[in-house]
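The structures come next, written out as structure tokens.
Next come two complexes built around chain A: one with chain B, the other with chain C.
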Partner chain A sequence: MRDKRSLILHLAVLAALLAALPLLSAYHVTNVAKIMVLAVYAMGYNIAFGYTGLLSLGHAMFFAAGLYAAGMGISLFGLSAVGALVLGPVAGGLAATLVGLLALRTAGVAFMIVTLMFAQAGYLTILYFVRYTRGDEGIVIARATRAIGSVDLSADTPRYLLAFGIFALALLLNLALVRSPFGRIMVAMRENEARSRMLGYNPYTVKLTALAVSGVYAGAAGAAYAVLFGYVGASLASVQYSILPLLYVLLGGAGTVLGPFLGALLMFYLIDYASSATSAYLFIVGAALILLVLFAPKGILGTLRERHARWLP
Partner chain B sequence: MQLGSIFLLALLEGLASASVLALTACGLSLVFGIMRVVNVAHGEFFMLGAVLAWFTASLIPGPPALAFAVALVVCPLIVGAIAALADMLVLKRLNYEPEATIVATIGLLYILQQGALTVFGPNALPVPAPVDFRFQFPGFGYSGYKIAVIVAAVLLLLGLWLILTRTRIGLVMRATQIDRATARAFGINVDRVYAGVFAMGAGLAAIAAVLIVPIQQAHYLMGADPLLLSFSVVIIGGLGSLRGTVVAALLIGMVDQMIPIFMPVVFPAYGAWFTPTLAKIMATLVVALVLVFRPQGLFGKRAA
Partner chain C sequence: MTNKLIAPTRRTVLTGMAAGGALLATGLTPRFAQAQSSEPIRLGFQLHRTGIGAAYGRWYERTATAALKVVNDAGGINGRPVEILFEDDGTDPARGAEVFGKLATQSNCDLVFGALFSHVVIGTAPRAAELKVPYLVCSEGHHVASGMLNRWTLQPGITDVKSQVQGMAPFVTQNLGKKIAMIFPDFAFGHDHRDYFSAAVAAQGGEVIAQIAIPPTETTFTRYFPQIPAETEVIYHVMVGPAVLTFVKELGEFYGTGARPQLFGFMDSLEAVDIASPGLEFLDGSHFWEAHPRYKQADASEAETTYRAAVGVDDNGAAANDPADVATYSHMFSTWETLFIIKAAMEASGYQGAADRQKFVEALEAMTDFAEGNEHPQGAKTFNGKTHQTFGIQSISKVEGGKLVRVHQTTLADGQYPDEVDYTTQSF
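The block that comes next holds the complex of A and B.
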């Protein structure tokens, strides 16, 4: 019963997103496509932070790994769009595993600083190899290469549909993951590491696996971003892009499957609305972060789950 | 220039940058040591100090030395007050829970940065040096102001050390650091100590910024470098150990300044591929690895 109810809810959200396509103006079609891609990134972040309790400040590195694997793969090595979308998650997962092998020797505050430092090194590396990455200026991927068969992915509708497809796959896999036995172990690690260890689970391997999965999501989102929006730049690897998914997840609700999407949706339009009024949109980001940790640390769906819907996954 | 003169020049440049870095990093270290708070907004307190120094200097007519002296007193007080306010309104309510405080100080970083941009604009803001004379060393002349900065920083650090070890305030702070609950039981107002320590940490960053601003202009994005450098210093020196912080600041400040001066002399191909960016990458990785493999820092004792 409980399982069925949550499955129906998630399928209904997906159906609504698909049904929205003909109703939205071109401007919003682009926005929602971008939001779905960013939501995949935030879902990955949520697997590490929300479910496993790993607060990383370095996820931009995993996002950028997917982004640059796809972008440079296409522009320098003639990779196809499909190839890029496959390579991205692999690169993201690999980066997360490598960082995790070292960073997971630490915990808490030290883990945050170590991930932040690694991501900063990654960002600087992109700037250092400016000849290949084009640094801050970034790579603009030619429109002709952003296609699957004869379908032009830079056109509004195919772009929306592909973003939707990736989002739907990520969402359902996320749902399956958190309901699986491994999902429970992740939560156990977050809630009480000592007790989980006593029950025979190795915290290091559990966390490393969760971080790797998280990296796969981030890499997939990065590759989708490169292929769908055609731009790959160093600013997408900066600290700010590690903070964004944290913000989305905190707003939507850490440790909920739909929270990252809800947070991305609300925050994206809040920033979009604010930046039409003021250039200081980072002010909103800062204020939102502080208000959330102060007054709603569980986010929207987390609070909802606590009060009304205990079945929400 | 003779190699000896180059060495002396590099030494002076290194000392000047290390002394300012030591002040900034001590602020971060103090806050971490006593409150166990990792203050990501520390760089923005530094930036605020610099920008406010420009503002003060532009308000006060007359000789630059007078305006500078006023800035040196007023800016740290304003920045400290802002920090104390942030502590009371935000950090205290979070009960200093480590992860929540980091997220909150990230928020604070954005707010302060955008605040400075909105109020003071995106331009680099120059502040005239209060003293204008040059020391003549064999082979080169050197800015007297930078030497004054070194002296001022040493005096301030000495003052900080005296406050911490020789005064009642320092005693109260150390008691709070060792055991918050017992300190409270002995009638110490822990909330006030925390607000004071947070203000003091921010004030140290602001003083450092006021000292540096005649050399390096004030700008709303200038907080990132001192933040990363201070983090590196505090980690290398051992989290929360002030002595380690000063030693590490000397080491990092010296290396940071001496490499770009020395390497082209010793190694002519330097600069072709060994750019400042590569140096930063390596430094960042070293710091991360120190935190992974030697979390007590290079000079710290293993935590009890």
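The block that comes next holds the complex of A and C.
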């Protein structure tokens, strides 16, 4: 019963997103497409942080791995859009595995610092190899290459539909993951690592696997960003892009499947509207986050689950 | 003294209405009477109001607003009033693309202009092509003329960096020295200088004997200065960002009061910074490139005087009402001039609405010259419709007594280089 209810909820959210397409203006179609891509990234972050308890400050590196694998694959090596979308998650997963092999020897604050340092090294590497990456200026992905067959992915509707497809796949896989035995083990690691170890689980391999899956999600989002929005630049690998998914997850609800999407949606439009009203929009964002921490520290869906809907995955 | 309210009687109202009607009928109203549509033309402005470009953004907004007043006072564009909608892009490329979409599709702007920072321009240009909305950038970057962008993106208001350094190189090699050490930030902006200036110096018989790249996160520079070769005759520096004051101060400490090479800098280093700031005394006697001289020169044109007054800048390049508020004078003229180019291209194309956007681009591509005057106070320019890039004169100024005095001006021919793209062959 509980499983059925949560499946219906997630399918209803997907149906609503699909039904919204003809109702949204061109501006919001592009925005929601971008939000869905960023939500995939945040979902990946949530797998590491929300479910496994790995507070990483280096996820921008995994996002950038997918972004640059796709962008440079297309611009330098003539990769197709489909090839880029496949290569992105592979690159993200690989980067996360390599970082995890070293960083997971640490925990807590040390893990945060080590992942932050890795991501900063990745960012500076992009700037260093400017001849290939065009550094801070970045690369424009030629419009002609942003297509699958005759479908132009730079047009509003196909872009939205592809972003939706990637988001839907990511969401349902995320739901399946957290309801699977491995998902329970991830949560066990978050809640009590010592006890999990005592029960026979190896924390290192569980966390490494979770981080790798998280990296696959981040890489997939990075590749989708490059292909759908046509720009690859170092600013998308900066520390800001490690903080953003954390904020999305905290706002929407850490350890909830729909939280990352809700957080990305609300944060995007909070910035959008606040920046039109005042140049101090980051103050508004900051104030909103402080209020959230004070009154709903588990995020919107986390609080909802605690008080009203304990079945929420 | 009494305050007497003016109470209109029926007679005065009728008289007024009759007079107004007659004036309308004779077409003597000064503004907007000829328009087929009285709807204002809406121009979007992608503004660096926050983020690393905020100092520029503040002045770009003031300059564009001043130009807008001049345009509207003279009857608008095609007889229609003009509005500018400013949207903050946070000097961020991802946000830049979003803001472009917002201006073009939510606010129904006819076109978007105003962006300066290269990464914002490059991040936004794909969106301009997707939406088929003209995007007129004020960036200096070589990315437009290099062919990297698209048919909808043009740079008619300011010369690109490749042209600028090519125009300056002869002055440096002929007047300051032929053995040059370059100090530049180790990212794309610095690399453009490294590559284009090195090539331009070589063409003049000079030699760049050291290329010292400073990592972008660096906050102290003393350890890089020993890399400057002893035989260096000129140090060419293009450091930008908040650390520039430290850079200059430490360079001064490195050389002390002894002999030092000539210094040649890029004004980007000191935009919005008072050149008389403590620690910058070391710059006295050094040379700077300026696109538009910050200090009003003795031979300033009438257009220059008019422009300064309209924007609210004093003779020292600071806000007329606040001498501490130093302008980004070398760059901000580009927004003023771009607005007048928009006006000219809209009038040449008979622009009426969004359906005429393509005609607008074609009309702009057909333009070739912009004469110096109130619409182009920085100076005359030639525009290359194939590369979408304008070419203007450049100034080289010397720091004398805490002020910049122009000692050389390039010609339009100095900055020309072969075309690298022909956007007019691309489809819309």
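To be clear about the criterion, the second predicted complex is superposed on the first by the 297 of 313 C-alpha atoms of A that agree within 3 Å, B and C clash if a C-alpha of one lies under 4 Å from a C-alpha of the other, contacts with A are read in each partner's own complex, and residues count from 1 in each chain.
By our rule, a residue touches a chain if its C-beta (ideal position, glycine included) is under 8 Å from a C-beta of that chain, and two chains touch if they have at least 3 such contacts.
Computed from a predicted structure; not experimentally measured.
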{"item": "Contacts of A:Val140 with chain B and chain C, given as first, second, both or neither", "value": "second"}
{"item": "Which superposed partner A:Leu294 touches (first chain B, second chain C, both, neither)", "value": "first"}
{"item": "Which of chain B and chain C A:Leu124 touches, first, second, both or neither", "value": "both"}
{"item": "Chain B versus chain C as contact partner of A:Arg5, first or second or both or neither", "value": "neither"}
{"item": "Chain B versus chain C as contact partner of A:Val114, first or second or both or neither", "value": "first"}
{"item": "Contacts of A:Ser25 with chain B and chain C, given as first, second, both or neither", "value": "second"}
{"item": "First, second, both or neither for A:Thr106, with chain B first and chain C second", "value": "first"}
{"item": "Overlap of chain C and chain B interfaces on chain A (superposed complexes)", "value": "124, 127-128, 282"}
{"item": "Chain A - residues contacting chain B, complex", "value": "55, 57, 102-103, 105-106, 108-110, 112-114, 117-118, 120-121, 124-125, 127-128, 243, 246, 250, 280, 282-283, 285-290, 292-294, 297"}
{"item": "Parts of chain A lying in touch with chain C, wherever the complex brings them together", "value": "25-27, 30-31, 34, 124, 127-128, 130, 134-141, 143, 154-155, 229-231, 233-236, 271-272, 275-276, 279, 281-282"}
{"item": "Touch list for chain C against partner chain A, complex", "value": "49-50, 87-88, 90, 92-95, 97-98, 101-102, 105-106, 118-119, 122-123, 125-127, 129-131, 141, 143, 148-150, 186-189, 191, 215-217"}
{"item": "Residue numbers on chain B that touch chain A, as the complex places them", "value": "38, 90, 93-94, 98-100, 102-104, 106-111, 113-115, 117-118, 228, 231, 235, 275, 277-278, 280-281, 284-285, 287-289, 291-293, 295"}
